[in-house]
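Shared between the two complexes below is chain A, which has chain B as its partner in the first and chain C in the second.
Up next is the complex of A and B:
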């Protein structure tokens, strides 16, 4: 199979843009202007600005505008050339040959060559970028550079998802002439980056702001339009909204649901809904059942919990509409793999949940609680109660989960923890009954789905297989999916996987989350991904 | 504030009321009445929470973010839970914490203070050095550390606050005891052959009562604020409803749903105000009678 990548680069594409003042056209939205400054609020200080050595969302948000990937992804998650002009796929998907763009220079004037790509992968990405290292790193055999404009990736077996893992989020390219021979984690350029991206570094005041200036030599004609982008650190979401309303900032990466409705009514703002975030895309809030615990041995109990969850209520009352009910284990954002018509997928049905609990041997008492009567591995008379571990920031999920399960006689004990302690408790100590995690699927199931289900990922790696689910059939199907190149056939394999998953229910997939970017209506031309301001403009 | 037991302690003269009577007299003045009423209300609401609350405070009971209505007098939160029920159960959690801490403080503070002041000598030195060591510990941060280390929970909060809040009480009780033990009526009791126990319980204790009462009121008000602050920082027991936690949840919706932060905040204010007024009027009793 030979495929030519399109050389078209995404220009400002608004995925779903809804104007607040319907009927009144926003003059700013259709007349791009040159010049001006955009001030964007970011939630945390990134600490450093090299996106190749981390998957931290804070670092990627603050740094991606300064870098490029070989490709970028369209709003439909299709790869189109960025640093690569085009590419050939040979050997049934085991060899990728990229033809690099002519005349690209680093911000310091040095030319960009294939050696930079080889260096970025071999010395940095495959060592320090956890997602790329875990997926591409395991499948890759070698990288070669036949000439300055060509780079070849050879895989041990056909590897279909590769082009989706080459954007600035998954594989930013960094300069060899700056990083060669140094420790990439300690290089001073991490604080004064040199990239190829639409904006170049100007200054970084830790905890306060990062200033970027227009790259006049950017390889896309007419871009960027803005003279300057300022990323201002404002940790509190409520303060971000106030700063936006006061006109101190022009762009928020996200806004709490309750404020969103108010901003929509107030007018003067534009909105961009997206399931893409610098830290990951296509995220599903997922309940994990610890299959090592006796209480979750019986699939009927797991199914009862899943059936007692009213996902729509999570969409309405926790997300305030910024998301939708998950209909399958794989996100609807991965079109070819998403199977939304599986009959085994639990949907809210209180009576069915009660019946399942009765059948599993959890019998209702006079006071409404349930106790065990003949449940395997649990002494009779034990009350039905289990822990629910969660990030402190997900408290609303915990409260609603507890309330919904109390309705069918299940007692839930909430155990909120900070993220790093959570990772330790759940993945290292495995000291939990159930939990909720935002599992980001990424652009391809190989990136963010597989880690949740294959038995090789049970263990101490954070945000891998939390349920400790192990099914040889599922393992071999994931192997098959990885080496299947035809999207239709791959989709069929993923469908089979999901059919098994909704029967086994090691997890329950509650809601797919979205973020809503909000920006001042005097600005426009934004896109959803890392290069959000590449083609943006602001009228002064 | 300074304590001048001399003025209040003339138990032999019938014209002057006993310390207990002085407290009662003070409590019938406006500030005292308000303080006593508010505190009594807090205790009643806490004790009778299951009967007073319209619903389970965790149940999804109404629409999301409904303003105060007849069916939800304090409105509902984002998840549709009744705020009034939350406030009532939050008061219960506060009451449990405050009573637990109060009991520990009372027992330890009084014992250490009286033993130290009445016995004196090396025992006094040992106890007072220990008290000083505890007194310099920042209580709020100690509570934070305990919650961070052992996870949030009302039981450990009561223990850590109870074990660290008594030094002030112990020191004041000790100084009172030191000055009282040389007074004529104590000496008189001693020469009549009264046992140490009898002197402490029948002669010393009634005269310590106003001071203890005042300090306990102030201390419990502080504890209530610490409990609320921890809740506000999201460090309260996640399975119990806390006024501070409710207020912090409300803060996220401050501009769309004022009732979420206002009512729990008001409840904290009322409870702390009640305890302070009560303590204050009892303090007046010791100062002016």
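Up next is the complex of A and C:
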């Protein structure tokens, strides 16, 4: 009994010492204030804090506030100067000359120069940053630094997407004086970063938190406003929501759809919808048809499946409204390339799907299933049934897909797998019929669209051309788009590509997914990704 | 017990750990999946993946990778984490204190509460207190750890506001070390209770059964007949015999605590080794996975050895040869 009594005393003491004063809820803070701390939740321990050596979303989320790119992207995905003040494009897009900002210093006081840019690209980004290495790396000829404030990138031929591949997510610039002569994967500065960004490194407790402090010498006047940003590692999504409700954190990068409505009703929170994430932006949930399988050789069957899919139901039931029906192969987030009125794009029509299946030779039986009658490459009497491979975390997509296709007499067998096993099954072994992948398009089709469609990416590279689609016309149009610098002309090339794609249907583009940032109403001034807290403020 | 026995038991740790590492190595490398895919994510090209594989020695044949691993282990080197670029041993040791604090606290709570519950229920056999406590213990034992965890968070953290929802420290750090200790203790209460809950049930029920048996035995009847007060009878005469099986169980539960800690650390955002293991498994970061395997198996084996030694101390009739 004594023990129980003392336990009560202890909890009473803890209760008194740790109780917080709950202020009355404040209206949304609309006028910025200087100072204060923002506590943000992140989902995983990043392990290290150098965004130049990885495309890991966990690392980028935790580290981008400490670094800069040559440019930043506006909410409309337009490039504007960041470490670069301006740039000239010459030789029809084969030469980019960047004029760097004056007076920028690294967090340790060393001056930032063109040598840092050249070093970052040549020694780090083009080797270790998989997206930049695979795209810019293939096109680049040389980098030169005529003086401390000028960097020139020369490409083998005109390379249009370059300015969109230079933000802090695609090409963060790291200090040469710290990384020169070392293995960038093992440099101790990966745990104590030195950047040029709005916030400087303060401390990192693995698995627990990363603390950043205001960079008083930041090159944008009046920014940042916050004194401190604390990134707390909270792996469980439900626990993140509870921590927000309990006031332990002020900002969540995303929230499960089921909790969103409750937070909206509760009040005291603000919401920011975005299709931009440090791990990948402009993502489309895409069904791939394995074109090597007999069942998907006939485009009428593929069109039937696409037409039987009710995308709006995915938005409502799987995403809880956090997204929208995809209208084209290229995301609506890439404004210049997205074609929004494609006549060939399938839309839900159950009767049309049934008719297409009948025409393709898949005939309904008495029990509602369909069997082959004169389908090329398939023995008569074979039931219409195929596998659907997916990440275990996408189970809800699988269930709805199966239910919708059962409605038109197609039997779907779900095959959930962990991500790295999925990558091997689909891209190395090619042992699948159909699948669903979140293909993130990035800021430019060259980053995350082309890999899905060009014949050179059929093969063992993960998250490339899952359908094994090959069309010489599409190949040459993608080449043309890469070397066409004028955005209007380039957009027209992408429109032609999309017109072909919605006819060939190697894939079906179901929904564009979005994330919802949620933050406490006492804070404001956030932007979408990367430097999300650069101009943010919190009333204390 | 002879010194020879102790030495033999200690010597057995070496081949057992080696076997565990070998099986672990085979499991990780023969299972589907590729650490470079986990590391690089999407968007790389074939050249990139080849470069990274060569960088980590993953392009070598499996037997050569095993040879390198064994050679490194012989020097006490677990290898370098693929994700973090640092020695795996350093990364694991950083996260060890948090897990030790959590599991040791949970084991202490479980032992104290378990014995308490056992004594409480055994001395009130078939009374309503016994029935109630026994039912509650059974429910605690049956409920999954994450369910108890979420329930306690909703009740005592979000609901009553008595405890923090997650983490090991507050975002606003106290300035002095006493304040820091109180802060950590405050964060420790809920996760330690959740981790202890099923252990309380096991220890409590075992103590109850053991004690009931002892209370009906001849030497206890003799003690009662000699006029010893009931509390002395329980504490001095019955409990010693009753805790024998309990000691075995406490030793064996170390393995359960280690696995339970993984779930509790995820639910409560506790920055320990269990969460490191979850991340490493996701990333297929084998140096870290194998390092944790080794550490946990050594801990479990040591706990078993200690259990055997405590046995001898409690009951000198037990002889090992």
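Here is the rule we use: the second predicted complex is superposed on the first by the 512 of 540 C-alpha atoms of A that agree within 3 Å, B and C clash if a C-alpha of one lies under 4 Å from a C-alpha of the other, contacts with A are read in each partner's own complex, and residues count from 1 in each chain.
Convention: a residue touches a chain if its C-beta (ideal position, glycine included) is under 8 Å from a C-beta of that chain, and two chains touch if they have at least 3 such contacts.
Quantities reported herein were computed from a predicted structural model and do not represent experimental measurements.
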item	value
Fit-or-clash call for chain B and chain C when the two complexes are aligned on chain A	fit
Chain B versus chain C as contact partner of A:430, first or second or both or neither	neither
Which superposed partner A:364 touches (first chain B, second chain C, both, neither)	neither
Partner chain in contact with A:37 - chain B first, chain C second, else both or neither	second
Contacts of A:248 with chain B and chain C, given as first, second, both or neither	second
When both partners are placed on the shared chain, which of chain B and chain C touches more of chain A	C
Which of chain B and chain C A:154 touches, first, second, both or neither	neither
Partner chain in contact with A:317 - chain B first, chain C second, else both or neither	first
Chain B versus chain C as contact partner of A:238, first or second or both or neither	both
Smallest separation in angstrom, by C-alpha atoms, between chain B and chain C in the superposition	7
Shared chain A contacts, counted only where both chain B and chain C touch the same residue	238
For the chain A and chain C complex, residues of the former touching the latter	3, 11, 14-15, 17-20, 37, 39, 44-45, 47-48, 54-57, 127, 130-131, 133-134, 138, 183, 185-187, 190-191, 205-209, 230, 232-236, 238-239, 242-243, 245-246, 248-249, 279-280, 418-421, 423-425, 440, 447-448, 451, 457, 459-463
Residues of chain C defined as touching chain A within the complex	32-35, 37-49, 51, 55, 80-81, 83-86, 91, 94-95, 98, 112, 116, 150, 153-154, 157-158, 161-172, 182, 185-186, 189, 266-269, 271-272, 275-276, 278-279, 284
Complex contact set, residues of chain A against chain B	237-238, 256, 258-259, 261-262, 313, 316-318, 320, 392, 395-396, 398-400, 402-404, 406-407, 413-416
In the complex, chain B residues that touch chain A	56, 58-60, 64-65, 78-81, 151-152, 234, 238-239, 249, 251-257
